[in-house]
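Next up, some structures in structure tokens.
What follows is chain A paired twice: with chain B in the first complex and chain C in the second.
Here is the complex of A and B:
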């Protein structure tokens, strides 16, 4: 496949981060220093080269983009201060923006003014929709669903999930097409029977799940000097598993509504398994987001030295959703209904819906793209082994 | 002209009974690992007139030499043979040892038993020992018949001819004039300056070439000791170091000038790509780096746009190593039938300088640099690469087996497309848009066949003029009195050319500053008692006017007799067998010495 050299891509990428890969002379120190880069998937040099020559298709089709955890090792060893780690982060932002066909993601990344207006507008819109049904703050006892009807939450939430899902399906389809086109020609030659593919896929999925569960590659990026609970790996692990846990708790709670005779808003005992899951995973998210925000504020490390508003947004929403969530949990046990608890409930619902809605448009999308890349890697690794 | 000094009083012992000392060198195992030096020394001790025969680990070392000096003092030696390495290395060393001990330098003989024996006969130690013994025997036989000789001293003309008025010639002329020499500078074109007139800014100092040239030319033209002849060429050369006669044609007039030394500063040509090579002469958008430099010169610094033939240029693509580092089977030989296998050295930095200038003056223009290797070897050169990369020049690297291809662009946009199999992108086929392709051409040797014939110079396999020794004698040619300065010897940039020119000037000074030159005394001598004036020797003589017939008064009768000018004689010996009366002999290599050597080699040991 012939590639047209194009100088515009680098300029576009620069809108997504602070790096100077024109200083790169292709030495490959970054790839050698990278604890995640392996023989069959060498980066960041490869991705930087795609950026230099303007090979958009290979850049977006590189699964390597999503394997990087930005530990900053490459940027520290770069002899030309080209910031390869920041380049990788920028390329990921660029990829998220490029996979989103609405253009919202690009604007969120590149324009703070747009982000402010967009979020304010979205919040106002959701508030109006949610409050349009009931809107009464009962004082004699906490009646949260008298303030916002359970149905309104259900329908708006379902709509948000559907929108995010549709957007994500479109993006995933684009990405898988790019992955297939981006993989090298030797990978493509191997076209074996369906049964074989299915078996390989099963093995690959197993490996990816195991990888994601422990994030062992991320652990290899973590510097030895710190205790595990202060490491970046643990920070990320808590946010990821905390979020998954919360999502699971919400889903189970909804399923319980369908199968059992449970009334929305009815308090369940603290020791109830779903309740317990929500509390524990909520604590995990709270810990993780606070650590992440603190790191970005203090900027002690390479990976957090250049944050865009869009990066802040996701963490901030997650934090607000968790705090208001705990506040609401607390409020339902109070004998009386307080105004603050209704406000907290409103904020919690709005922010939770925003987190879902923004999924395809912010760095949150990596939660889907990264497992896809891992799966792709497992599949092609299998093929190249079979070929050899 | 030259004056021949009468032979001085010979140092002592010239005509006494020969007392020969033989010294066999082990050369730290180089010789003794193969040759039994003890046996050679033992055999040498039995040879006629040999008083002492010894061996030593390193004869050239101070203790080794001191052994000879002591033996000369104690044993009254008057002839010395050293059997060791090649005489090229240490013959002079041991001649000086003899002089220190009060003997004439030419009563020494050197037998080469390393290069000619031990190094080439490793598998046959016995045969090697026997051969070494014979060679020592021949040296002893020759040295027994040696006579004391003195170097020939010839007055040297303190005027120097420099051929070529480029930066090397100009620099050399100024250096020589500052050392007190008169200089004749011959330039074949109408103006001084050479290649420098075609250059823009010079790396690594960013000065304008014309400023450098202006200051040099004005220095030279103000200098009364330098005579500049433009539109002039050398038509004939005769003579030797100290006394060359050079015919120069200038403005339809032929004049003869006398000089003590000749400096060649004839420079190089820039490579002209073959028609069709990288689309050259096929697409008007493909030009060479020198052409591009002139294009940049013509554009005012305030022009917002880089233009070529009135059309804006948005993408420039530089292709390195055009006409340099050529490989048989991949590249086509040029019109001279030569492949240019060498690296032209200056072109990488020159190309990067041009790239930087484009990026600085026309920031909207993309610069693509397609190289085989970047060789910014000189001090300060690497910063050009660094700057280029920081300024957003995009680099690509090709292998010689996969040369870039240039074709017209299919669609609108750029004029041309450069196709590269880029090793920096894992051999991916890339298409680079280009409105202008700049072929980074290097240096090629000039056609100097007439000068080479006239001066009997040798060329390196690459076609450039060859020095005697690339490290130890880098600006001297095998013809003594003829020196090299700058690009005629190898591709050089301006700084290197000036360094070479100053080095050549220093070597000329070393050769001529004493006012005379000393030549080896191995010149032919005609014996007037035997000569009958047949002139047969003159007919076969290889050196112009070395032998002439002169009138000699003997017993009141004027006779025509052969006489040799030792300053012009090359000592080749062609005249010796030509003489029907055996009247002419070469000093230091007389016939009876050859006969004795042959006998010694054939003798039993």
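Here is the complex of A and C:
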């Protein structure tokens, strides 16, 4: 495939982070130092090369972008101090922005002013819709759904999930097309029967799920000697599994409404399985987000040295959602209703919906792109092994 | 004369020379000999217990593959026996003050705990000493005693005591036939007046401890290039090429180029100039001593820029030495202490490979050997090497008038270039002396004869 050199791509990428890969002399130290790069899956040097020559197609179609955890070893040992790790992070931001066809993601990453107005507008809009049901703040007992009706939350939430879902489906379709074009020709030669593909796919999915569940590769990124609960993979693990747990708790609760005729807001004991799941996973998210925010503030390692507003946004929303979530949980066990609990409830609902809505537009989208890239790696690896 | 070294007290002396050469490596020796040949009185101050610098420890030199000691030892002897050259080994320059066109210099002679005038270099003390210490000269691969003559062809052949490891058992004192051992010796300050100064302070190697991803100096079969020089030297620590962990003759050796050169992450952005060539040279010599060995050189660029260097490189390739264009990112070891290097091979689709060797050699970069700040009024440049006032037209001149620089003190340099520059520095120094009225037969003659006597006693 011929590639047209495009000198403007580097400039575009620079808007998404601080780095100077024009200093890179392609020695390959970064790829060799990287604990995740292995065999024919080589990065960051290859990806930097795509950036240098302006090969946008290959850059966006590189599964390698999503395999990097940014441990920072490449940046620390780069002989030219060209910040390969930061380049990978910036390229991921660029990819998220490029996969989103609305342009909102690009603006969130590159314009702080836009982000401020966008978030303020979205929050105001959601507040107006939710408050339009004109509920009351009952004092004699906590009645949260008397303040904002369960139906309003249901409809707004469903709309947000649908919007995010449609956006993600479009982006995923684009990314899989790019992946297929980006993968080398040798990967495509192997055209065996459908049954074989299905079997390979099953094996690959199994491996990806196992990898995600245990963060096996993330843990292979070497770190300073520190206890596991202070490590970076555990921080990420708590956010990821905490979030999945919260989503599951919400889904179960909704299913219970449908199946068991449960009334919204009906008090359940603290040891109720769904409540318990929500509490435990909420604590995981709280721990993870606080650790992540602390890392971004204190910058102890390379990976946290540059943060864009959009990176802060995601963590901040998660933190606010969890804290208000716990406030609400605490409030429902109080004998009386308090004004602060109703405000916390409103904030909690708004922020939770915003987290869902922003899914395709912020770094949160990696939760879909990364497993896709892992799957891609497993599939191509399987093929090359079968061929050899 | 008695220099007071046996009385244990500091004795002030005042000596006068035309030139002071700081550093007794190959560049310093060359400068001193060339000035001495013109009739100028020269003092060499060397911090190590022997002159010869780094070169005397090398096996052979590129691109001619001549024996290094066979070239260096005659130079050392020529300087040591030169009637106009005085050598203070195991000594350091502590302070310099400008006095008109001349300099007042304070030199400190470190105590050897052996009276130099009495020591005959018989080594009976060394044989008697029960303490074994890692030998710096052998790259810590061999052992020496706590009282020792620095190495076989050291000049002067005088013993010294390593007080850090000495247990004061007194066996050496009993063994010494001339009763030269004196544990009460003190450092001795000597005031010297000189007309000019040549800095030939050389280089030191990048420390492997600073290269974290290369094992930080903890992997036993990852050697430094200077250690391999010793392995290859005819009188080296093992007498043959073995790997340190288990004494196995390596059948596969990897060379890691640019280990601490052209690497801003360790603060060295320059090319060290000699590593490509010494790695190729060592690879050739290793192929000679281990006929079945496979050698791979991992490099970023091969810089074979000097006369005869490119042919040397082509010869190495023709000999079957493998050159892989890749910067090594990581070195680990397997359960048998075989080093494993991790590289990105860029040919075709490219892949990250882990290659196992029996032994890996780090082609370490060159760092400045000495910082003159506060001691000699010469400036250093951003890279830490001594700054040349005019790198194009007068590379041997420093920014301080009357002070010149030779060899690797001004920047990484191979032996031929160092010798050429040493000659240039000697010439610049001679011009400076003549311009400032120092003739080569000045009235200091009498004083210097006295110094020559002092130096003879000490070597």
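Keep in mind that, in the parts below, the second predicted complex is superposed on the first by the 386 of 388 C-alpha atoms of A that agree within 3 Å, B and C clash if a C-alpha of one lies under 4 Å from a C-alpha of the other, contacts with A are read in each partner's own complex, and residues count from 1 in each chain.
FYI, a contact is a pair of C-beta atoms (placed from the backbone, for glycine too) under 8 Å apart; a residue touches a chain by one contact, two chains touch by 3 or more.
These numbers were taken from a predicted model, which means no experiment stands behind them.
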item	value
Fit-or-clash call for chain B and chain C when the two complexes are aligned on chain A	fit
Geometry of the superposed three-chain model: angle at chain A (Cα centres of chain B and chain C, steps of 10 degrees)	30
More chain A residues in contact [chain B versus chain C]	C
Partner chain in contact with A:140 - chain B first, chain C second, else both or neither	neither
First (chain B), second (chain C), both or neither touched by A:22	first
Chain B versus chain C as contact partner of A:37, first or second or both or neither	second
Closest Cα approach, chain C to chain B, once both complexes are overlaid on chain A (Å)	5
Set intersection of chain A contacts, chain C complex versus chain B complex	25-26, 46, 80
Chain A partner contacts - residues on chain B that touch it in the complex	366, 368, 385, 389-396, 419, 422, 424-426, 428-433
For the chain A and chain C complex, residues of the former touching the latter	25-34, 37-42, 45-46, 73, 76-81, 184, 186
Of all residues in chain A, those that touch chain B in their complex	1-5, 7, 10, 20, 22-26, 46, 49-50, 52-53, 55, 80
In the complex, chain C residues that touch chain A	212-213, 258, 262-265, 300, 326-330, 342-344, 346, 349-352
